[in-house]
Amino acid sequence: MNTLLQINNSITVQQALDFVQTPECGGVAVFVGNVRNVTQQKKVTKLLFECYEPMALLEMEKIAQHTIDKMGIKKIAILHIVGEKLPGDTVVVIAAASAHRAAAFAACEYAIDTLKETVPIWKKEYFEDGAVWVAAHP
Amino acid sequence: MNTLLQINNSITVQQALDFVQTPECGGVAVFVGNVRNVTQQKKVTKLLFECYEPMALLEMEKIAQHTIDKMGIKKIAILHIVGEKLPGDTVVVIAAASAHRAAAFAACEYAIDTLKETVPIWKKEYFEDGAVWVAAHP
Amino acid sequence: MRVLLFGIAKDIAGAPFIMAEGITTVAELKVWLYKQYPALQKLRSLMIAVNKVYAADVDVLKPEDEIAIIPPVSGG
Amino acid sequence: MRVLLFGIAKDIAGAPFIMAEGITTVAELKVWLYKQYPALQKLRSLMIAVNKVYAADVDVLKPEDEIAIIPPVSGG
């Protein structure tokens, strides 16, 4: 298999690297997304990630396959957490391995951009004075 | 300090991540360069990396500062190995953290592209029938 | 038919799934949802997934389909 | 003055450093090097670093400078 897709309570960069790294690929591009401690000048106390898991895995699979079929990627890992997280915690890891580093960067950026648009995962930000579902309203 | 620059016998991705990750930065882009087992259809048995270390660190510092001063990067780590390596081994790690992921990707790609052009490090590839200094001749 | 809800849509409906009857297309389901839960009209977007795939307004719904309301996603 | 050598330049000269005398500019040093070690002319490029910074042909060399030959780099 050339793709590793996981939705889990805990994910690590090492997991993604261990999967994609092979002696045939010179370059691996990785994106690591972490919880920020401040959003729009407000202190974030915690986050909740909810997920429609079977569909999320299918959408992640579409993204991964596109990078392999069309963008020159040999192996790709897309990992995303669910559940409660604190500022600083890692919520998403994407690692793409290719013989050519430009392809690895392009695929990694495509994967995170598309994940944020299409994969059914929802983030609720908790502040000292309330909580909001991110991006729900215009 | 916002930059971690290291030339060492052994480097890890975790080292770079531990340095650049802060709760203020949502996105970290990473590049991992590994020894390939084949170059131009020939099997690579080992590699030797040689380095003019004091100058290499200064050139790495220029790259790192450019990403911080001009490309919106908060923290960046550039790690490169020296000495003998085998196919599959990691030889370079670059990690760039920014509030915006597009900036992190752009800076990471700029850093590896520029490192390959300016930093005084030399790679000798060993094959079953000889060895060559990579890119030495036209 | 059973309709799954997530994120803010689940909060608005107050339940992880709801039952809808007499609906045959995605467009009809949206009209019904907006009437039942007017707060859904205020969202930036509202997609319907049928059997784990984003559906178009003209798509037909069958009783055995797995139907889900997808409010604006915000993963990553 | 002492001149440091690296990579293929070190292999060509057969030593990690060499001594050069009566040279006052980077351009003169290159001419001298090409004469002493004709194989250096075949390289894709040859840069000179003075005090750990890439130098231009017109730059002046002083005896106390740290001078290094930089053949084509291939890190990463």
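Just a few scattered comments:
When the chains are written out, they are named A, B, C and D in that same order, and each has its own residue count from 1.
The rule we apply is simple: a residue touches a chain if its C-beta (ideal position, glycine included) is under 8 Å from a C-beta of that chain, and two chains touch if they have at least 3 such contacts.
Quick caveat, the model's predicted, so the values are computed rather than measured.
Take chain B out of the picture and the remaining chains divide, by touching, into A, C | D. If each chain is reduced to the centroid of its CA atoms, chain A and chain D end up 48 Å from each other. Inter-chain centre distance (chain C to chain D, centres taken as mean C-alpha positions): 71 Å. Taking each chain's centre as the mean of its C-alpha atoms, chain A lies 23 Å from chain B.
Of all residues in chain B, those that touch two or more other chains are 33, 112.
Those residues of chain D in touch with two or more other chains do not exist in this structure.
Pairwise, the chains that touch each other are A-B, A-C, B-D. Those residues of chain B whose C-beta lies close enough to touch chain D in the complex are 33, 49-52, 54-56, 58, 80, 91-92, 112, 115-124, 133-138. Against chain B, in their complex, chain A makes its touches with residues 13-14, 17, 21-38, 87-88, 99, 101-102, 104-105, 108-109, 112. Note for the complex: chain D touches chain B at residues 4, 6-8, 10-11, 42-44, 49, 52-54, 68, 70-76.
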